[in-house]
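All remarks here apply to the structure that follows.
Order of writing sets the labels: A, B and C. Residues in every chain begin at 1.
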C-alpha cells in the first residue's frame, strides 16, 4: 500500500533506521557474505530474498550480534538516539537498542506459557532485581502488572489472546510463528527482523500474516526487514526488495523493478530454481 | 492387556534377565582372595539376580511401552492434563489446609518425637534447602552444577574456622557465610558460565574436586583430613542449654530457614528474574536475542544457589560440631542432584518431596540404607527415562487478565 | 638424566592408559555428543573382571603370562557387554530428550555401577595378582623403565594402531566417521545408526578394559572407586586433544601423562590430583576445542 511513497531516490534523502555498508563474513575459508549494502528507511517494509543458502540468515545473524561480521559497517539509528555502530555488539544489547528478530526455525521457550514468552520480551524494558522480586514491593507489583498488561496487548495484536495461558509447545504451528512476532514486538523495537515468517503456512494463513504485518507497521511505526520465500507475499507487502545470491546483493529496487531484472530471473530460474 | 502381549513381555523379560545374569555372573558370584589364593563361589547371588532382573525387566518393558504410547498421544493432544493428585494439591481449597497442617506437624514435631528423630529431620531439612538451592541453578536456569557441594563446604569452613580462631558465634557467621557463598559463586561462576551445558557440568565438577582436595592437603589452613572439631552450637542470648535443647533449637532454626527458602524461591520463580532463568534454560540463543543478558542471569542463578548452599554449610557445621573434607565429596553433590531430579526440576514442591523421600526412606528402612547410593543412581536413570519432569511437574503461573485494562 | 627418563617413561605409560580410556569418551562424544559419565566405571569393571579371572586362574596354578592374556580377553569381552548394555538402558531411550537428560542419566549410571561393584565385591582395596613377569633383557633399563611400564606402552600402542586401521579401512569404521559428521545424513544414506552407536560403545569399553587390566597389574591394587578419578583424567585428555578427535585423544592422553609425571616429579606430589583438575578447568575455560580442534560456529 505504501509502495509508491518510498523509492530509491528517497533512500538517499531520509535518514535510515539501519544502514549496512560493505559487510562481509568469512567462516574459515568459506565466504558467506561479501560487500553487502542495505538500508532500511523509517516505516519501510524491506524484503531480503534469494535462493536457499544464499546467506540471508547469516546476514541476519551478522546484524543482530550472533556473528561478528568479518568486515564492513553496520549502523543502527534508534528513534531518539545517536547512530550506533553495532558490528559484533552483544545480541542482547542489539535487542535492547531496538532491533528484535524472529527465527527461521521457531525458537520459543516451550515450557513457558504464550503470555510468559511475550513477557520475556519485556525483560530489557523493566528492571526488577532479585531483591525486588523477593520483597515484591509496590514498585515491583506495578511493574509486573504493566508487563502482564503490555504482553497481553501484544498477544491480542497477533490474535493469540485466547491462548495466553497455554504452554507454547502446545500451540499450533502458525500460532507459534505469530507468538514469536508478539515476543519481538514486546521489546519495543524500531526495526523488526522477520526470518521466514510465512514458512510452513498455508495460503490463507500467509494472507492473514501479511495483513498483520501491515497493521503492526502502521500501529507501532516500526520498520520491517524480512526474509521470505513466498513471492506472492513479498511482492505485495514490501516497499523495496534486495535479492541475494551467493552472499552478494545482485539486485535491488521496488518489487516491480526486481521482478523484471534479468539477473534475478536467472538466479531464480537458471541454475537455482528451488526457491 | 491381551494374552499375546503378556507372552511377549514375558519373553522379552526372560531374555533380558538371562543377559543380565550372564553379565553380572562373575562379579556377583565369584569372590577371589588373591593373597590366600582362595576362591569363594556365591551361587545364591545368581538366583537373586536372575529373579530380580526378570521382575525388573518385566516392569521396564511394560513401562517403556506405556511411555512410547503416551508420547505419541501427547503429540496429538494440545491440552495437558495433570494427574488427580496434582489437581488436588494445586487446588487452594485443599492446598491451604494441607499446608497449615504440615506447618503444625513441623512445629510440634520435637515435642512428640525423640532426639534421634529430630536430628534426622534436621538433616532432611538441610537437604530440602540444598535441593531448593540447586533447583535454582539446575532446575530453573538449566546450569548443571556438579560441584555444588563446594559451596556447602565454603559455608561450613567459614563458620568452623572463624569459630575456631576468633570464637565468632553462629549468628554472626550465618550472614557472613551467605556472603562468602555468593562471593565464591561469582568468583567460580564468572569464568565458567560461557561454557555450554555439558562442559559447564564437568568444569563445576572439577572446581568441586579442587576445593575438596585443597581442604584435604592444605593442612595449615584447614587442618587437613582430620578436620575441625568442637565447633560451637548456635548461641541463644548466652544461655547455656543441654544437647537436647540445642537440637530442638537447631530444629526450629532449620524450619525457619526452610520456610524462608521456600518463600524466596517461590517468589523468584514467577518473577522477571525467574522467567529469564527459564528462558535461559529453554533456549540460550533466543533468550539473549530477546534482550536478556545471559551472563548476568546465569551469574545470579549460580551465586544464589551457592549462597543457599553456604548458608546450609554454616548450619551443618553448627549442627554436627565437627567437619572434615570427607563430608564434601562428589557423591554429596550427586545426592543433591538426585533430589532435584527426582522431585522435578524447577518445581519447589517436588524438590521438597524429593528431599524427604531420598533422605528419610533410607533412614527408616534400615535394610535399605546399604543400597542407598545404588538406589540414588538407579533413580536418576529411571526418572530421566520414564518421568523426566520428576514427581511433581513444574507448573507455570496462570495469569488472570483484566481485559479492560489491557484494552 | 636418568631421573628425567624415569619421569618420561612413567608419564608415557600413564598417558597411554589415559589415552586408552580417553578414546572411549571421544568416540562416544563424536557420535552422540554425550559425555559418557559411566565410562570410568567401565574401566573399573574391566579391572575387576581382570582381577577375578586372574585370581581364579592363578589359584589353579596357571602360568602368569597366559593368565594375563586370558584375563585381558575375558575382561574386554565383559566390559564391552557392559558398555553395550549401559547404552541400551540409560542412553538409547533418551536419544531425543533435552541435552541434560542423558548426562544426568549417565551420572546416575556411574553411581549405580560403582555401588554395584562395591556391594557385590568389596569396599576395600583388593590386591591385584602379579601378572607381568620381570623380563631378563629389561634389566639394564630397570632404573627408568620397568617391565610393566614397557608392557603398558607396547600393548596400548598396538591397540591404538589397530583402532586407527579399523576406523580408516573397514566399512564400520567409515560408517562411524560418517555418523560422527552428520547423523541425519548418515541415516539417509543407509547407515544403521543404532548399530554404529552400539559398536562405538563396544569398542570404547573394550579399550577401557584393556587400560583397567593393565593398570591393575601395574599398580597392584584396585577398588570400586578407581573409575571416577581415572575417568575424569581421561576426559581431560580427550578435551585436551579436541573432543571427538581420535588422534587427539591419543595425543591428549600422552600430554596429560607427561604433564602429571613431570609436575609431580619436579614440583610436588601432594597436589597431583589438584593439578589434573586444574588442567581440566583451565583447558575447558580457555581452549574448549582442545589443542588440535577448531572452534565450530554455532548453528542458529
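Rule of thumb we're sticking to: a residue touches a chain if its C-beta (ideal position, glycine included) is under 8 Å from a C-beta of that chain, and two chains touch if they have at least 3 such contacts.
Small disclaimer: the values here were computed from a predicted structure and weren't measured.
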item	value
Most remote chain, CA-based centroid, reference being chain C	A
Interface ranked first by C-beta contact pairs	B-C
Where chain A and chain B are represented by their mean Cα positions, the distance between them in whole Å	42
Mean-CA-position distance for chain C and chain B (Å)	30
Between chain A and chain C, centroid-to-centroid distance (C-alpha), Å	48
Set of chain C residues in contact with two or more other chains	298, 300
Overlap residues in chain A, where contacts from two or more other chains coincide	66, 103
Junction residues of chain B, two or more chains touched	285
Touch list for chain C against partner chain B, complex	33-35, 45, 48-49, 51-56, 58-59, 78, 81-82, 85, 89-90, 93-94, 97-105, 107-117, 119-122, 126-129, 228, 232, 235, 270-271, 273-274, 277-278, 280-281, 284-285, 288, 298, 300
Residues of chain B defined as touching chain C within the complex	19-20, 22-24, 26-28, 30-35, 37-39, 45, 64, 67, 138, 142, 144, 146, 191-192, 195-199, 201-203, 205-207, 209-210, 213-214, 217, 285, 330-331, 334, 337-338, 341, 370-371, 373-374, 376-381, 384-385, 388
Parts of chain B lying in touch with chain A, wherever the complex brings them together	78-80, 263-264, 267-268, 271-276, 278-279, 282-283, 285-294, 300, 304, 394, 396-399, 401-402, 405-407
Sites on chain A touched by chain B in the complex	64, 66, 90-92, 95-96, 100-101, 103, 107-113, 115-116, 119-121, 123-124, 126, 128-130, 133-134, 136, 140, 143-144, 147-149, 152-153, 156, 161, 164-167, 170-172, 183-184, 187
